[in-house]
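The two complexes that follow have chain A in common; it is paired with chain B in the first and with chain C in the second.
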Partner chain A sequence: MLASLFALLIFPAGLFVLVNGLAYHWIDRKLVARLQNRVGPRWFQPAADMVKLLANEEVLPTGVDARLFTALPVVALAGALAAMIYLPIAGLPPLYNFPGDLIVAVYLLSLLTLCTGLAGAISKDRFSIIGATRALTQLFSYEAPFLLALLGPAFAAGSWQINEIMAYTSSQWLILTQPVGFVVALIGLMGKLEMAPFDTPEAETEIVAGAMTEYSGRGLALFLLGREVELVGGLTLIAAFYLGGINNPFDYALKTLVLLLGVAGVQTLMTRLRIDQVVGLWWRYGALLALGQWLLLLGQRMGT
Partner chain B sequence: MDTFLKEGRWSQALEQIKLWARLNSPWVIHFNSGSCNGCDIEILATLTPYYDVERFGIKLRGSPRHADVLICTGPVTRQARDRLRRIYEQMPDPKFVIAVGSCALSGGVFDGCYNVVGPIDAVIPVDVYVPGCPPRPEAIIDGVVQLLGKLQQGARP
Partner chain C sequence: MNVLNEWAFIGVFFAIAWIFPALPIVASWFVRPHKPNALKKQTYESGVETVGDTWVQFKVQYYIYGLVFLVFDVEMIFLFPWAVAYERLDWFAFGAGFLFIFLLTDALIYAWRKDALEWI
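And now, the complex of A and B:
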């Protein structure tokens, strides 16, 4: 009882991931700033933002379902945190596992985007509705290639269980044998987190703030925290699957930070894509490339 | 622990943390209620990498629901009056207003026009005034710093 409470509130699915997420968010912003020749935010910036948002008034717009409006951010954050239980956070083996937990973890990570879409759709504001449509369109375009890219290692390991796949990938770097899957998974994670160039759903120069337009204070803070938790979870998953597994905290920090550097580089280099370009990119290239690599693996398996 | 709660030190510490967070994360929204666009260009220049206001935690947000500080430029025209008031009321508490430019302070050259209501503080309460036609980006940053200074001295919640 006490142990599971500790797991839910402190480590891995609680305070630790939240602090880790805030730190990684700061590193991401700082890296982007340095790549743009700026000084960048101070180290406590994301924490100050969160505390300020939590202390601010939460405005309840007229015409929305009050219960749904206040519950959605909580569900989004809870979903992201629940996924952490099945992931090897900080290089320690996942707390719980069962055959097929990879699928559960990936779908728990998608809950945030679904909640974002719903949050935009229940508002009366037109910008929220456009943002929600875009968020869900983007969900349907990146989700399939992302899942296919994560199934590559699962297929190679012959298991759907995260710690069994980890045991397999610890002996070899799958980035060498499945480079396409790695790239698709990393770019898919950026789509999931709505980072540039996939920030169409919250494009502030076109649609104010997308689905988040009507959210203020607590609701916004919880959504942003959920996204930071997902950043940690996604980087952990990709590092564990493609970069030779993560077996200790040092390994974890090193590999996820290298991935974060790549993500920040892509964010700086690219400008925002239109929503039709996002869909085209994923279905024309991402999905086909991931599927092609999958067929190649299948053929290899059949051949031997 | 008992005396700790009795003297309200716990809530005092919480207030300190809230104040610290507010001082370090002023998210701004920019609204033009009828200016000639000169001040707006200076505000956009303030947000460029050259001045890099992100190092103070200043961030431009698109939605008034996310913002703490409303940066206003220009005199208030009759058409913009209701919009300005509505945007101000859409912001969550605590909210602050910075009026940028001569027109926002007094109506400037537009004062007395048939379509102009007057300066910003004729419509919504203003916390800090930044004069200039247009003010330089340094002056606008100084305006935000003055607002934070006022906040620190406890001028407003």
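And now, the complex of A and C:
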């Protein structure tokens, strides 16, 4: 009981994921800064930001539903943390699994975006509601291809239980046999997390901060933490499925950091897309690529 | 396997997951200032007062994307069990699944051609 409580609260789920998320957020910012020939933040910057935000006064704007306004960031972070028990965080086997936990994990990972959308919609602010509709529209277009890309490894392994899929992918690198699925999954994750080229829902130059405009202090801090946790979870999932599984802590650090490097590269190379470009691109080519990969897999299976 | 136990575990974790958001909230309760006033609580706007409600009818393209997403996502969930049980399927089940994926691709291209994916 005490051991499982420790595993849930401190390591590998819980506190460790939060610290890991802050660290990965810093690495991401530092990499982007270096690629743009800037100095970049120091290592404790994300943690310092969190402390600063928590010490800020929380302003409850007029016209919002106070209960939902406070509850939504909490639900977002709790959902992202709950997804972590099904993932091989830090190279350890998932804390818990049952047949079909892949669906539950992916669902819990998209809870954050739903909360962001709702948080924008309950406010009277114009920027918030535009950000909210953009966030939800983007969820619509990135969720389905992401799921389809994760279906490829599940199909190859003949299971939809995360640790069984990992047992299969440990013996072979699926990125070699399903490269299209890998790209769709990684770009899909960036779209889900609203990272740089796909950050239209919170485009600072157009709509202030999108759905987050009215949030200050702890609400904003919890949303940011939730996003960092989700970044860790998503990278872990993709590394486990496509990059030959995650078998030990060294594997975990190396593979997720390589993925993070790729993500930072895409963030630097591309400028922000317009919302119609973001959504149109992925509904047309992303979904079609994922489906094409699927038909290819089926054909291969029939051949053998 | 005991299914009930498995789901109870999720409940336990959800209860525990609340602790992490709750701790910062309680901590910030002690350190943060709390001096609300009417001017501070105004809705964010570029210099003028916000007029009216945001719950108005707008953005029809959002609705179209929503419909396409709904169809796509539900069909994907149907594909999962089929893909996992693939090894044990006979030819009829295989053909049905293949037809299903073909129709899904076809429907996507149809929606594309009908300009359902355009941002109006």
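As a working rule, the second predicted complex is superposed on the first by the 301 of 304 C-alpha atoms of A that agree within 3 Å, B and C clash if a C-alpha of one lies under 4 Å from a C-alpha of the other, contacts with A are read in each partner's own complex, and residues count from 1 in each chain.
The rule is simple: a contact is a pair of C-beta atoms (placed from the backbone, for glycine too) under 8 Å apart; a residue touches a chain by one contact, two chains touch by 3 or more.
Since the structure is predicted, the reported quantities are computational estimates derived from the model, not experimental observations.
Contact with chain B, but none with chain C, is seen for A:204 once the two complexes are overlaid on the shared chain. In the superposed model, A:285 lies in contact with neither chain B nor chain C. By the touch criterion defined above, A:33 reaches chain B but does not reach chain C. Judged by the touch definition given at the top, the superposed model places A:212 against chain B, while chain C stays out of reach.
Between chain B and chain C, more residues of chain A are touched by C.
Of the two partner chains placed around the shared chain by superposition, neither chain B nor chain C is touched by A:6.
Using the contact criterion defined above for the overlaid structures, shared-chain residue A:45 touches chain B, although it does not reach chain C.
By the touch criterion defined above, A:250 reaches neither chain B nor chain C.
50, 55-59, 127, 208, 213-214, 217 are the residues of chain A that lie in the contact sets of both chain B and chain C, per the superposition on chain A.
Those residues of chain B that touch chain A in the shared complex are 17-18, 20-22, 24-25, 27, 49, 52, 54-55, 57, 60-63, 65-66, 68, 90, 92-94. Chain C makes touch with chain A in their complex at residues 1, 3, 6, 9-10, 12-14, 16-22, 24-25, 27-28, 31-36, 38, 40-45, 50, 53-54, 59, 61-62, 65-66, 68-69, 72-73, 76-77, 79-81, 83-87, 98, 101-102, 104-105, 108-109, 112, 117-119. Those residues of chain A that touch chain C in the shared complex are 5, 8-9, 13-15, 18, 50, 54-63, 73-74, 77-79, 81-82, 85, 96, 98, 103-104, 121, 123-129, 133, 136-137, 140-141, 143-144, 147-148, 151, 154-155, 158-160, 208, 213-214, 217-218, 221-222, 275-276, 279-280, 283-284, 287-288, 291-292, 294-295, 298, 301.
Those residues of chain A lying in contact with chain B across their complex are 29, 33, 36-42, 44-45, 47-52, 55-59, 127, 204-205, 207-209, 212-217, 220.
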